[in-house]
Structures are given as C-alpha cells and as structure tokens.
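Given below, in the form of structure tokens, are the structures.
Both complexes shown next keep chain A, but they swap its partner, so chain B is in the first and chain C is in the second.
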Partner chain A sequence: MKFGNLVLAGLVTGSIYAVFAVCVAVWYRVCNILNLAVGDFAMVGALGVDNLYRVKGLPLPVAIATTLIVVGAFAYAYDQVVLRIAQDGPRRSEGIVVTFFFTFALSFFIDGVAKMLFGTDVHAAPALWNGQSLTFASLHLERAGLLVLLCAIVIGGAFWVYIRYTLGGKALEASGENSIGARIVGIDTRRYRRLIFVATALIAAVFGIVESPITGYTYLSGATISLTGFLAAAYGGFRKPGRALLAGLFIGVLEALLGGYVSAEYGDTVLYAILAAMVLAWPRGLGFESAVSG
Partner chain B sequence: MSGVALKVSNLSVAYGNVVAVHDATFTVAEGDACAITGPNGNGKSSILMGVTGMVRRHGRVEIFGAPAKNGDVRWAARHGLTLVPERRQLYPDLSAADNIILGCYAWTRSMGKARKSASFGKAIDLFPELKPHLKQAAGTLSGGQQQMVAIARGLASDPKILAVDEPCLGLAEALAKRVYDVLASIHEQGTTLIVVEEAPKRALTLCNRRVEVRNGVAGAA
Partner chain C sequence: MMTSMAGTVSRTRSLSSTALVVIVGAIIVLVYGQQYAGSVFILSACYAIVTAGMAVQIGFSQQIAFSQSVFMGVGAYGVALLNTHYNMPVLVATPVVMIGAALAALLLGSVVTRASGLALAVATLMLPLIAVGYVSSAGYLGGVVGAPLSGTLWPSSSTAAIAVGGGLVVIAFLGIAMFVASRILSSDIGLELFVLGVDERTAAAMGVRTPRRKLELFVLGCVFAALGGAAYAGTQQFVPETLVDPTAELALLIMLFIGGRRSILGAVVGALVIQYLQGASNWVSVNILVVEGVLLTVVLLVDPEGLAGIVNTGVAWLRARRAGEAAPSRRGEWPIQLAIGRWMGHSSGKETVDGAAQPGADGAPRDAGADGAVVAAAGFAAGGARVEVAAGAAHAGVPLLECRAIGKEYGGLTVLDDVTLALPDRGLFGLCGPNGAGKTTLLNVIGGSVPPSRGQVLLDGEDITRRPPQERFHQGISRTFQAVHLVKGRTVLDNVAVSCLASHNSSIVSRVGRSRLAEAREKAAQTLTDLGMQRLKDREVSSLTLENQRMVELARALAPSPRLLLLDEPASGLSEEQRRRLADLLRQVGDRTCVLLIEHDLELVAQVSSRIFVLSSGRLVFDGGPSDFRASPVVNSLLVGL
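Let's look at the complex of A and B:
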C-alpha cells in the first residue's frame, strides 16, 4: 500500500499547488497579469492567526475572522491605490508590465512586514481538526491533509461553476480576453479585477490557515507557495484554471511518487527534469505557446 | 415614431492633442436609419465612440431625452444605445454562444434570465447560419461569421438604438449584402439604426438620412 499512501500524500501536496495555481490563473484570466504575491497572503493567514491566537490570546474564531478582515481590507486598498494607478492611469498600455512588478514588490513588502510582526521562526495556525490520522484499509491520511483536500475541491469546484455557468463568470473571462469588447457590453473590468484580487487573497489566507499545521510557515514561505502556484498555472497555460488545478495535482502526485520510489534526496531534481522535458516535447499541448503569445 | 432617439450637441473628441471630432451636432429620430459617412480617418468612428461613452468627450449627448453620462458605456447600454464596434471586438477564446449571451450583461447578471430572454432568442434566430457554430470559439470563425456574432451580441443587449461601425469591413460582397439584409430586418422591427460607412452608396441602400463627416466636422448631407 506504499503506492496508495504516496498518491494520497501527493494529492494533499498537489491540492496546495492546485489551489494557488487556480488563484494565479483566474486573476491572469481577468487582467493578463501574474500575481506573485498570492502566496504571501497564505503566509499572512497562517502567521496572523497563530499570532492573534497563541501570542495575543484571542479566541480562535475571532483570530481567524480578524486575520481575514485585515487581508481582505489590505487587498482591497492595494487594488484601489496601487493597481488602479498602474492599470487605469493615463499610461495604461504600460500597465501590465508595471503591475507585474507591483505584485512582485507587494510580495517583498508583505514579507518584510511579516518579519517585523511575526519574527523568523517557523509557526503555524492551530489545527482546525484535531485527532489521530484517519485510516481506510491500509491508507493513512492526516486530518489536516483531508481538510486541505476538501478545501481544494470546494475552491476549485466553486471557481469552475462560477466561470462555466454564470454570466458573471463569463464577464470575468471576457474582461481578460478583450477589455474593449467587455466595456462595450457594460462590463466593469476594474470591478472584476478587484473582485478576483480580493477573493484570491482571502482564499490564499484561508488555505494558509488550513494547511500550515502540516508544513509550518515562516515569513518567507509565501514566495515558495507563489512559485509552486505559478509553476502549476504555467502547465495550465496560465489562462485555464481547470487545467492549472489538474496540473497542480499531477505535480504533487509525481513529486510524492518520485520521492518514494526514486530518491527522497533527488526527487525534486528528477521532477523538474521531467517537467522541463514535457515543456520541450509538448509546448503547444501544455498551453505554453498561447501563454507566451497571448 | 417621431420622438428624438439621439441628440448630439457640440460633440468633440480628442486623443491627446489630436482632435478627431470637432463640434458635431445632429439628431437621430426614433425609427430612423442614419448613415454617418466620410473618408477614412475623418472621425466617423470617433463620433460613435464619443456618443456611446467609449472615449471621453466634450459636448452634450441625450439618449431618448436623458443626458448621457460622459465615458459611461454601461449607462448608454442600459438606456438603449448599443455599439457594434469596428473590428468586432469579440472574445476569441469564448464560444460564439457565450459571446452573444454576454450582450445580455447590459441588463441582467442572471444566466437563466439571459438564456430565456426574448432578446437573446431573437439574436440567435436572426442568424440561422450561426447555429452549427455556436459552440465554436469565436476566434476560429470566418470574418463574416464573426461580424454576425458581433451584431447578435449587440441585439442581445435589447437595444433601442443600434450603432454599427463599418459592418462590412473586410467582407466579401455576398456576405456584405447578407449583413445589410440583417440590418434592414432589424430596422424594420423598430430598432433605430446608426451605420458608419465609408461608402455612402452602400449606406443609402439602407438609411433614410445621412451625416457627412469631413476632417472631424459633421454636417447633414
């Protein structure tokens, strides 16, 4: 049952990649910009709840609610002040490149503030579902891992339903496809950019709270999370959240199997070699060409 | 049908220091089919862009008597003025059906209401040749089919005034005739039409009046 347990562990890790890939891909779908700060909101979620609960002594629900309100308000303010100037100002044609660097700068800014507020040690939000690991036949799964999987399914499913079956979801896609065409039918493209930026920040924060008991976070964890999300989103061609989700799960399972069967030490090296080979062999199928050409 | 659908007074549109339209004044009566004609680069499209709010303007625009908000396309669409733009401005990766139903966004946020609406049904029925291609990505359709999708999207917004910019640009003569037949049918059903055309001869087969634009200055012809 080693194989089954590795696949289960890979699905848990993969669902982390998958959710952040979806967050990256959906915002890219709206405004054609990569958000390199999305992982930092996860770090703020995890360390913020830990700080308010463990250090400040607030009840857990209050600590979670306060952290989410702060993350949501900060994301909203960042859109209103910085992204609005970068994207909606008089030099909008340069806005996409500029905004990409603004999200990069935002990542550094959040990391710096987190270092001052939370220190440099590894911390985690308290586990939301305590108890022994769950066992089915000879398969074992941590409760926090199951929670992560369930969160990924709910978040992925919600985005899928929203984009596929609602007019708002179609408007979101139209905003990224052709902003002039979107304005013609009365779509407020700025509203969708803001909505998804705030929503993905909140989703990242929730995921950080749920997932941090498994891995533990430092103030630098956000950049790593963003990178894995970025990588999985790239394999989904950036513009396709559904494919980004599957790519995240695939990478997680492949990583776990390579670690279990090939080498725990060199598993990641082999993994990235396989991923690079896939890009070289099948760029069009993986959506890399369309991502680059727009 | 004698009310004024659109009243444009002293409209000017500029892109930076370049003035594209200078002091244009004209009215379009309800039920009219009005052609805006003139050579390329003389400001015809800019008039539509300014009137619909796609670009900021100086001057006054009234849609059925209500003063239009400057730069607010949504306001214009909700008050009955819809633009079918030059070069169509479709969403290439979305299906033709999704492109058309997004026209309904001007008046609803509900996919259910949009699908069941008379305006969406009418937009689909007007182009039977599109039916086999409704699930196809709009970017993979032919130029003529894309123009039909753009007009259908405009109709789905349930317009009282449909402003169509260069509807036959880049189309073969047979397709151009089909597009004009459809526009004539839309006009016969009571929609006020504004058609921007370089060639007055073609426009006047459909339109009962004309505004001529020369060097950014508009006048009745």
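Let's look at the complex of A and C:
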C-alpha cells in the first residue's frame, strides 16, 4: 500500500499547490499581474493565529478573526495605495515590471515584517480538528490533511461556479481580456482587481491556518508556497483556474512518488528537472503566452 | 555628421561611467580595504559584476532567465574546488571556471532559450531549485555547510595585501564587466537587443537573428555571473550553499530593478547600495526583506526604470528648466512633405544591407514615373527580363515571388485555402478582401512569421517556405505591420536604423571592439532625408502622430532597399490628403521594386496597382487589372456591396 499512501500524501500536498495556483490564475485573469505574494498571506495566517493564540493568549476564534481582518485590511490598503498608482496612475507601469515585480516586492516586505513579529522559528496554528490520523484499510490520512483536501475542493469549486455561471465571473474574465473594452461596457475593472486580490489573500490565510499543523511554517515558508503555486499556475496556462488546480494536484502526486520511489534526497531535484523539461517541450500546449515582452 | 556624432557620444559616455566606477572603487579599496567597510564594499562589487550582466540580458533585452545565482554558484564552487583540491591559484582558476561556465551555458542555453517570454522565465526558475537541491546533498561541495577555499584571490603573506590586492582585482573585474556590457549596449547590436526586448517578432522581421542573440545573451549573463561568483569565492574564501538558492536569485533581481534595469551604471549602483547597506548596518541586515520590499515598491512607483531612471528624469527636468522650456510637446509637428523624387534618386545609388541584391541599381534604365505602372502592368515577361538586366539574381521568366497552393488552418478554421499567385520583380500589387478574408495571414506567410499548413512560398524560384522571417529579410523581403510596430523609447532615426544594421552576422563579443551603429544611422538619416522626413529624426517615436508613425514604419521598410515590400494597410487612419501623398510615393516605389499592398481603400488600390488580388474566406476570387477590378461583379458584390 506504499503507492496508495504516497498518492494520498501527494494529493494533500498537491491540493495546497492547487489552491495557490488557482488564486494566482484567477487574479492573473483579472489584471494580468502574477501574485507572487499569495503564499505569504498563508504564512501570515498561520503564524498570526499561532502568535495571538499561543503567545498573546487570545481565544482561538478571536485569534482567527483578528488575523483574517488584518490580512484583509492590509490587502485592501495595498491595492488602494500601490496597485492603484501602478496601474491606474498617470504613469502606468507596463510589461514585466507589473507582471512580476510589484507583488514580488510585496512578498519580500511581508516576509520581513513577519520575521520582525514572529521570529524565525517553525510554528503552526493549532490543529482545528484534533485526534488520531484516520485509517481506511491500510491508507493513512491525517485529519488536517482531510480538511486541506476539503478546503481545496470547496475553493476550487466555488471559483469554477463563479467564473462559469455568474455575471460577476464573466465581468472578471472581461477585465483581464481587454481592460479598456471592459471599462467601456461599464465594468469596474479596478473593483474586480481589488475584490479578487482581497479574496485570494483571505483564502490563502484561511488555507495557511488549516494546513500549517501538517508542515509547520517559518517566516520564509510563504515564498516557497507561492513559487510552487506559481509553477502550477504556469502549467495551467496562467489564465485557466481549472487546469491550474489539476496541475497543482499533479505536481503534488509526482513529488510524493519521486520522493518515495526514486530518491528522498534528490526527489525534488528530479521533479524540477521534469517540470523544466515539460515547459521546454510544449511551451504552446501548456499555454505560455509571451506575457513578458511589451 | 550629426548621426555619427550621436553614436560616438553615447559610447564615450558609457565608458566614462566605467572609468568613474573603477577610479572611485580603487580609491575606496586603497583607503578602506583593510577595514570592515572596505570588505563590505568589495563583497558588493562581486554582486555588481553579476548585475552588470543582468542589465544586458534581463533589463535591456528583456530575456528573463533566473539563471544568475546558479552560475554565480558555478563560478564560486568551481574556483573553490580547483583551489582546494588541485591547489590551483584563484586567479588562474577564474578564467578556467569562466570557460567552463560558458560551455555549460552554451549547452543549457541551446535548450532553454528556445522558449521565450514567460516560458523562458518559468523553465529557468527551476534552475535555482534544482541547484540548491543538488548542492545541499553533494558532499564534495560541502553540502549545507558550504565549501572553504585554502587560497585567496590575491595570494600574499600579509593580510593587508590580501585584502587590498583582492579588492583591486575585484574592481578590475567589475571594470571589465562594465566595459564589455556598455560597449555592447552602445553598439549596433545593442540596438538589435533593444528591439528584441521590446518585440521579438519585429526584431525577426527586421533581420535580427533572434535565436542566436538569445543564446548569446544567456551565455553572457552566465559568464558574468560566474566571474562574480569567482570573485566572491576568492575574496570571502568560503562558498555558502545559500549563494545558489532562489532567494539569492530574487535578491539579485531586486538589486537590478532598484538600480535601473536598462542602465549598466544603475545596475552596478543598485548592487553596491543594497549589498553595502546590508553589510554596513545591522538593522538593515536583520530587516533586509522589509528594506528591499519597500525600496523596490517605491522605486517602481516613482520610475519603473529604477534609480537610474529617476536620476535621468531629474537631469532632463533640470536641463529643461535651465533652458526655460516646458516639457517636450507636439509643437511644430505638421505632416511631413514626402520628397519622393529625391528618395528615388538617392537610394538607388546606395549600397544595401548585407549585400542583398538590389533591383534597379545604377545603370539600369529607369522608366519615368508615368509609364512605370504601364510597364509593370505589362506583366511577367517584361518584369522578368528586367530582373536579368538589373539584379542578375533571377532567371528570365521566373517570378520574384511565387505562392503555390498556400493553405492555413487554425484549429478547425480555414484561413487560407489553395492560394496561388506570382509577382514579378517590380510593380505594385493590391491585395483586397473583406475583414477576416486572410489578407494579413497571407502576408505573414510570405514574410515568414506564420508557417503555412500546406503549399510553398518561392523567392526567385527557390523554396523559402521553411525559412524564418529574419532569413527572408536578408533575401530582400521587408514589411510593415497593420498596427504600427515601432520601438518605443527610441528616436525616429534609430527606428529606421534598425533595418539598416550590418551586424546580424556578427557575434555580440565583436562589438566590444568596433561598433557600426554610426553607419546604420547614417544610412537611416539618408533615407529620412530622401523622404523629406529629416525633421523628425531626433523625435521619440511615441510622441509622433499616427501618420508620421506610419511614415517612419514605411521608411524603416524602405531603408534596406528591399526587393519585395509587404505593406499591411499603410493608409489606415490617414486623411484624404495624406493618402494622396502616400499614393504618389507608392507608385514610385513600385517602379523600382515589387510591392504587395493590403488596403481597404479600393479607390487607392485601383489607382496605384497594376494588378489586384481579392481574397474572400481564404480563397482567391479575383485576379486582374484595375479596370477589370472596377468592373468585376465579384468585387462589387463582395467589397462595395452592390
């Protein structure tokens, strides 16, 4: 049953990547910016709740609510101050500067502040569902792992329904396709940019709170999560949340299998080599538009 | 004269910034080399060597590859291994490692640089992840502990000499790196790279051998990084595992963007400032992430070109203030008067880029403008005969361009269906059709930017179906685009010079020596003068009106004296008066060369063309002279709506 357990573990890790990939993909679809800070919001969620609950002694629900409010307010303020000047100001930044570097700077900033506030040790939010790990036949699954899987399904499904079946979802698509055209027909593209940015920040924070008991976070964990989410989003063609979700799961399972069967030491190295080879083999098929130039 | 001056000025200015950094750096090392501050400065100089390469590769040419930290590691670990295990002095190991890095980069680059844009970024993003995974488990590299060196960059028995000597060597390396980088950027290849960065497709259409340039850039970035890594290892005497990880890569990018991605001096200053602050202040060192995050955000908000951009804007503002001028306005721009006759006279005597054969060279009898169209209308026989006399490149009877049964599908959608046409070596040919008929696709198939699904394209009877656009440019095919594709941020002169470059066969390294940018600019200036556009020469292109932008694009297409000129709706957006002038020019161009013109203005097409093709839903539905065109029921029902 090694295979079954590896796949299961891979699905749990993969669903983490998948959720962040979906967050990156949806926001990229709205405003053509790759959010490289999404994982850092997860880290703030996990470490923030841990700090308020364990160190400051607040009750758990209060700690969670406070953390989420802070994350939401910060994301809102960031959009109002920085993104508004960058995208809507008189000197609109373009190309790679916006695509990559603004949220990249944000990621550095959040990590730095987290280091000041939470220190450099590994911490985690308290487990939301205590107890022994669940066993079906000879398959083992931690309770937090099950929560992570459920969260991923709910979040992925909600985005899918929103984009596919609601008017808001169509407007969101239009904003990214052609921002000026969308504005002409009365879509407030800025509102969608802000809405999705704040929403994905909150989703990431919630996810960090749920997931952190499994892996434990440091102030630098966010960057790693963002990176893998970004990669999964890349394999989903950046704009397609559904494919990003599948790509995230695929990467998670592949990682677990390589670690279990090939080499625990070099498993990740092989994984990244395979991923790089895939980009180079099918750049078109995987949907890499030349979003960088111009 | 003016143009060659401009070339020289920017080259000397870039050299003076190199000299400035070397002199100031050497003084700092000599005075403070033995103190802590001096050692921090030397460390930052190691990083500056890397960012100088990044300015060329990532900032200027916009080839985002996350390979710098890995190759910094290659340089540092390579030197450490050679020094510790083989007792090779660091100064000897450095060039050995650089050659090794160049070879490795050549191999790796020949795979990864096939990707462009985001694919290149994502594929190379794996490199630091792979490298850090490998290094941390590789025992002979010291694993997570790191690799020590037994020797130093400047071997000596006194610690003072080690510090100061090593520092001076690093400054010398930095000087060399800046010199090489700025010589390349200020040369004609620098112009190629700028276009490549803005728009790879335009670059290819203008003859830039983009795959080669992208590979060269990758290797250059890697070699600079390896040199920086070697300097790091030699001065720090220790190589930590963290040198190659993704955070190190991101930190390098931040240095580049804070300093100014398109400026060598900016990139160097960015590295010096960030690295120096980190070493000099404990608070900054502990909170470096916050500092970098805030600095990068503020700098990008104020000016996406970084500190260098801010300084440049400031200097320009001060100058404007001193001269009592307002910001540059559109004052004084009025439609240029095309001086057609002079263009004819001059450019027929000019030499061509890369020796492309030129029809209508001196000595060939030229018809007066009036009967040019008549001759062209006479058809293939006359045209072919003239090719023999004038260019000597084609055989009699062989058309200049032939499309044989071209078909193109996108998914299930048929865009071109069995299109066959042939054009002689001169004359003006119209291509009409309703929107979505496949006109632009056909032009792209001929120009080489879109491969056909079926059929062949022949030039002088030679099959060029599989040739990339840049090779077709060198064979004499030149084009304009439906939407104006000019290179923003450059002057009109440079935009025209893009198509006059003689550098396409030269390597990037050759431009450390002699630049031939001045020649290209001279040729471009001549073309502009001949077209009566010299007044616009020094204007930045995005400040021009649409008409003038179209004219600049036309000038760019005409400057290399093409044999086949592909024009995609050159008259769209122009006024009646402007169209008339354009028509006059086109007629005369058609006397000397073959022009395929896509146009919606049927009257304009009928006036200037000797023969007109009409496409509908990808099929050729009409092929005939202007009088048949006016009378044709097919044309009338399809295009006029009668």
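Definition applied: the second predicted complex is superposed on the first by the 282 of 294 C-alpha atoms of A that agree within 3 Å, B and C clash if a C-alpha of one lies under 4 Å from a C-alpha of the other, contacts with A are read in each partner's own complex, and residues count from 1 in each chain.
Please note the rule applied: a contact is a pair of C-beta atoms (placed from the backbone, for glycine too) under 8 Å apart; a residue touches a chain by one contact, two chains touch by 3 or more.
Note that the structure is a prediction, hence the values are computed from the model and not measured.
**Q** Based on the superposed arrangement, let me know which partner A:Phe238 touches: chain B (first), chain C (second), both, or neither?
**A** second
**Q** In the superposed arrangement, which partner chain does A:Asp268 touch: chain B (first), chain C (second), both, or neither?
**A** After superposing on A, A:Asp268 lies in contact with chain C but is clear of chain B.
**Q** Just checking: does A:Asn178 make contact with chain B only, chain C only, both, or neither of them? Give me first, second, both or neither.
**A** It touches chain B, and chain C stays clear.
**Q** When the two structures are laid over each other on chain A, which of chain B and chain C touches more residues of chain A?
**A** Touched residues of chain A are more numerous for C.
**Q** Is A:Leu149 contacted by the first partner chain B, the second partner chain C, both or neither?
**A** Touch status of A:Leu149: no partner.
**Q** Going by the contact rule set out at the top, does A:Phe104 touch chain B (first), chain C (second), both, or neither?
**A** Touch status of A:Phe104: second partner only.
**Q** Quick one: classify A:Gly186 as touching chain B (first), chain C (second), both or neither.
**A** first
**Q** Which partner chains sit in contact with A:Leu227 here, chain B, chain C, both or neither? Use first/second/both/neither.
**A** second
**Q** What is the contact status of A:Gly112 with respect to chain B (first) and chain C (second): first, second, both, or neither?
**A** The answer is second: A:Gly112 touches chain C but not chain B.
**Q** Could you pull out which chain C residues touch chain A in their complex?
**A** Contact set of chain C toward chain A: 62, 64, 111-112, 114-127, 129-130, 133-134, 137, 197-200, 246-247, 250, 253-254, 257, 286-294, 296-297, 300-301, 303-304.
**Q** Please name which positions on chain A make contact with chain C in the complex.
**A** Result: residues 82, 85-86, 91, 93-97, 100-102, 104-113, 115-116, 220, 223, 227, 230-231, 234, 238, 265-266, 268-269, 272-273, 275-276, 279-280, 283, 286, 288-294 of chain A touch chain C.
**Q** Could you please specify the touching residues of chain A with respect to chain B in the complex?
**A** 165-168, 170-171, 173-174, 177-178, 180-188, 239
**Q** With touch defined as at the start, can you tell me which chain B residues reach chain A in the complex?
**A** For chain B paired with chain A, touching residues are 52, 54, 73-74, 77-78, 82-83, 85, 88-94, 98, 101-106, 108-111, 114, 153, 157.
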